[in-house]
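Read from first to last, the chains carry the letters A, B, C, D and E; within each, the first residue is number 1.
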Amino acid sequence: MTPSPLVPTGGATVRAVNDEFHGDLLEVSMGPHHPSTHGVFRMVVTLDGERITKLKPVLGYLHRNHEKIGESTSYLGSMPYTDRLDYLNAMTNNWAYALAVERLGGLSVPERAEYLRVILAELSRLQNHVCLAGFLLQDTGASGTPLMYAFREREKILDLFEALSGSRMMCNFQRFGGCRTDASPAWLAQVAALVGGFGRFLDEFEELITGNEILMARTQGVGVLKGPAAVAAGITGPMLRAAGVGYDIRKVDGYGLYPRFTFRVPIGAHGDTYDRYMIRILEMRESIGILEQALRDIPAGPIMDPKAKLRGFRPKPGESYGRIEGPKGEIGFYLISDGSANPYRYRVRPPSFVNLTVLEDLCLGHTIADSVVILGSIDIVLGEVDR
Amino acid sequence: MLGSGLLQGLGVTAKNLVGSFHDPKRLTTVEYPEQKTKLPEAYRNFPFLVSESAEDPMGTLRCVACQICEKECPPQCIFIEKSKDKKPDATGKMQIYPAVFLIDSSVCMNCQICVEVCPFDAIKMDHEYEIATTERFNALLLDREALAKPNSYFHEIRPEEAAEVDGRLAAERKAAEEKAKAAALAKASAAAKPAAPPSAVPPKAEPPKPSASA
Amino acid sequence: MNALFLILIALVTLGAAATAMALRNLIHSVLLLIGSWIGVSVFYLFAGAEFVAFAQVLVYVGAVSMVVLFAVLLTRRSRLDISVTPDSLSRAISAVLAAGAVLGVLLYGIVFTPLPGAAPKGPSATVKQLGVELMGDHAAALLIIGLILTVATLGAVVIASNDPKAEDRQ
Amino acid sequence: MTAPINPADSLLERAPQALRDLVTSHFPQPWRWFANGLLADVAILAVFGLLFAALTLAERKILGRVQNRPGPNRTGPFGLLQPIADGIKMLSKEDIVPRDADHLLHFLAPVTLLASAIMAFAVIPYGRNLVPVDLDAGVLYFFCVGATTELAVFMAGWSSHNKYSLLAAMRALAQLISYELPLLLSWVPVVMISGTLSTTGIVAAQSGWRWGWMPTWHVFTPWGLAGFIIFMVSALAESNRSPFDLPEAESELIAGHLTEYSGCKYVFFFMAEYFGMTALSGMAVTLFLGGWHAPLPALEFIPSYAWFGIKLISLLMGFIWIRATFPRLRMDQLTRFAWKFLVPLALINLATAAFWSLSFGWSGPMLAARCGVALVLVIVPFVLLGRRLTAGLAPRSYAYAT
Amino acid sequence: METPDQICSRILSRLPGAEVSVLQNPGPAAQHSLLVGRQSVLEVAEFLRDDPELRLDYCSNVTGVDWPEKIIVDVSKVSTPDPAGGAPKVTEVKTERVQPGYLEVVYHLYSVSLRHGPVILRTRTAGRDALAAVPSLTPVWRSAEFQEREIFDLFGVVFENHPDLRRILMWDGFKDHPMRRDYVEPEDYEWEPTPHGDLVEKAKKARAQAGGTPG
């Protein structure tokens, strides 16, 4: 065994990978077809009994070279493809891409469109987090009940997406310099009704499961990730905040109109799976607050930058990196333009992919049952991991 | 005390069990083949070609085979071949029309970009979602006969947008007619006054604006 | 009829035990051993000792077999492949000697015990009587057995515990 | 006014025996015992087979309703024919055995499991005089038959030659060793108080009324309540039901020992799980819930087997309810829960029952003292052990970043 | 936060031998980047991470860019004096030179503790084939681990000293690097007759007949 040359930086854990052959170690390949790998993801797990002594993530089963497609498609043509990255959060993917292109082309966004973006992003965050809570609890073995409750609420949000953008998941809604369609007052009233009832749903959901001793036993102290290690490993999103680092791009970058809204950033003290679950619940409560403010303040006005062109968009040569706080973490797009209709380089910075870096560290020493729960708490979507 | 959280959870599930029988807010399921949810107007699934009349769909397609959608389609699932002859379009102008219009529904990702870029309101997104077939080769490649649907259908699925489009087209037709009339008048006056320069080039139709949704 | 049945059960029990010894696959051996235990309990049933029969199944099939299976599954592969060495020949001889001695004692006991011709219908022991006997007159024996089993368990734990330092010393 | 009819003599109550005698009277006397036995077998298989079918449907329906969806409703009216459709589907499926599997054990495992699950039904008294086999050591028989179930799970897991199945087999072994003990210890007090191992004797010991209205079921005593809860928790584990369904833990081990089973063999496992669940519930009814006795004197006109059925089904619904609510435990937590919580509690419960039986004659204020002491003996260890078990686990409060 | 120029000069004052320059971004985004030579990228990265004023502890995005060999045409005007004594004749002389291709690795750095960023760090390989190697920055920022593996996989940049440099998205037996601009997809690669394939064929044929330009 050669010691891993991985130097611990800022408290990052050193990997104790023991490559010696032991007769009683069992190598199990979890995935790509496994009920709880959230898609075609594979973990090659070496078990000592039920304890994990080694875990190697194997990716790429869903790889379709999204970035290459992006380089051979026009700027507008890549927009529907971004829906398919993290297919739970098409709205935020669209926004991140639109943001990068707007920076590249020097476009501005009208106020109403910014409000709409905030509303849609927060709705997207709600449905992503509620999904995650459902999946995570499903992974702990709850026979579908929390998942079904979560999906019931998610359906309502997807219905809203469908009414506005025409599609439930593949929204393809944002455009460079604004949004595609305007929201009717009736639609905004529907959102308000949903937001009004969401808090009650969260209360019921928490009553169902948060205080459950089995859940606490399964998640507390499992998969502990501490702040410095998380920062070094590039962890973003709720996972980073669960590790105790209050880094939220909505606050830090202040993109969109987020500085106008008051909301808090919950942080966890333990960095374990329970914290990662609870941070999402708390973030949903903050999102409800943002949505209420946005629905109250949304102004009338145009939704597209008059400078923006739908067809034949050719930004000047240059490059830009735009990132937003997606529900899963920092989703960024890096674009290089050479002045033609297609980007010279189109790069996605996928939060799920980078967050997977620490999977092995979190799982080592835990049991195979924990690995499933830890993977669930990282919140990956394979459309984004593999691209 | 150990078990309090468990009992709380049991309480919630019991409430839901009872609630699902009398509270429609809880039991939100739609029993699909019998019941169907009302689709929102914005719903999009697969494009269709708008034709003016239901009787002669091929003769009255709004599409003028400009091939913009073919170029803009991100997965490149559209193929258009221009016709050799011309026929009058929605505004009464002589236009070429698509001799072949193919959309590969196995590749189409329902992104609506073809609709957004179409300057002629000729392609729109459908509400049809029961599009499964048992044959995965030819049945998934739809030709213009399969794609054409009359304007009345468009009105049926998207009343607001269709009314807006019709209004705009009517205005354009009117403008075109007036221009034609003016041109005829001018011709007549030109005939009366042979010294006037011949207006060989017919007044160019106002290029229609891109779809209002942009 | 009954005798035929008894002989059949005896054959099954002994056959299972013998095959269990001969098989290379340890799991099969354990399962056959369980079969032979069930055979023994059938004998108890025939003797009218329901309690003992059920207790036999409960304890041996339900618990002891599990422990044995656990032991087998947790045993390192290397210990499964014990090859026949010259040393094991002498071991085999001593094993045969030991088994012969046990057999001799048993045979002596069986042959020289005066069997009553017509078995007098003895007082059928109820569960309560069994309990009173065990907790009364034979309490000391019960305690000693318990102690011995505990010591054996502790010994097993010590042997099974995976102490890397001990391995290094070897 | 007519004299109240002795409930034992009512027509409905005697109907099963009358029916049996009607059928077996056609057999010659020497074969009558055999005919009786056969009839009991047929009755058990028919009733519990139907109950199994109904239970699968009920489980899916209830799970559906709990999860706010209608559950199966396509096959027949209200989906009532769903079990039949499922049965046809499962039985017509191809039986796939992995090439490297241990074919004999792979075949024997489901058979063993189902056989032992069915055998357990033999000693449960379903009603007044309705017990297939009245053994002196009936309770012991029940648990000795039940002991083979996890062996069968092990056989299935080991013989499948699949890593997931093997892990499931290991889990099944550990789970059995851990939960057999509290299960056994939980009913020992009942035997102690009743003074018999016979199931009919235990039911008989719970007959009669205190103060003329309160049934003297064991569950209404402090030790009985504790014993009942320990029994039911262990029964959940013994029948591999959520939250103790670790051997087949879907999200971790795919289907555990069932991963390599299909078709008829899979149905056997499925049946055995439900049969085991039913049998353990039946035993719980017998040991703690007064067997077939009515809960109130005024309700004795309802035949005894109906009471048994009602109690049985409500316990089964409890199994389903729990499954609908709880996440799954982890293996080490499962064994810790058994050894550090259930076993000590069961042992203390044994002492409580001993105290209860010693203080049998106490009355008046001493009766209150007896109940009080017993309650303290039950509750205090529960609280203390529970606190130790959940040490370090608590709902948390969260800070917000500035 | 300091501008890239300030950072550059501070790096140069601290690490005098470092090859650092600022690469201007002409676009409206104006995200200028630090171009660092291969030899000094590791120490520059460590400086950026540890410097108390920058503390760029978080490496958000790591990506590769392929710049293939380019033929640059330099146009220079040469005036030759007219022998007839008239105005000098000006001719345009085109000289072609080949700019060698290289692969570029771009790091987007942020500071979580000081909440600023991005600072963009770029480094270039010497060439695209055998020389396509840069030092790995995974020892500095662990978040680069998977992303550098991805660049190795898709672009073929070898990261020296990377702890676990294997393909990550493509399978192990895969030969090429699909994100390179000159990558040609193999013809028979998981070929399956689809109507789409026919469609493209037909389209090509029709366009060839029409004589128009494809696209």
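Keep in mind that, in the parts below, a residue touches a chain if its C-beta (ideal position, glycine included) is under 8 Å from a C-beta of that chain, and two chains touch if they have at least 3 such contacts.
Only a predicted model underlies this, so the values are computations on that prediction, with no experimental measurement involved.
In terms of C-beta pairs in contact, A-D outnumbers the other of B-D and A-D.
Relative to the centroid of all protein Cα atoms, the closest per-chain Cα centroid is that of A.
Comparing mean CA positions across the assembly, the chain most remote from chain C is B. For the pair chain C and chain D, the distance between C-alpha centroids works out to 31 Å. Centre-to-centre spacing of chain A and chain C amounts to 60 Å, using the average Cα coordinate of each chain. Averaging Cα coordinates per chain places chain D and chain E 67 Å apart. Residue positions of chain C with contacts to 2 or more other chains are absent.
Counting partners per residue, chain A has 145, 149, 152, 208-216, 247 as the residues that reach two or more other chains.
The touching residues of chain A, counted against chain B in their complex, run 73-74, 76-81, 83-84, 145, 149, 152, 155, 159, 162-167, 170, 172, 175, 180-181, 204, 207-216, 304, 310-311.
Across the interface of their complex, chain A is touched by residues 25-29, 31, 49, 57-61, 63, 65, 106, 108, 112-113, 115, 118, 120, 138-147, 150, 154, 161, 163, 167-171, 178-179, 183 of chain E.
Against chain C, the residues of chain D that register as touching in their complex are 105, 135-137, 140-141, 143-145, 147-148, 150-151, 154-155, 158, 169-170, 173-174, 176-177, 180, 184, 195-197.
Chain D meets chain B in the complex at residues 62, 65-70, 73, 321-322, 324-326, 382-383, 386-387, 389-390.
Partner chain A is touched in their complex by these residues of chain B: 2-6, 8-9, 11-13, 16, 26, 28, 40, 42-44, 68, 72-74, 109-113, 116-117, 125, 210, 213-214.
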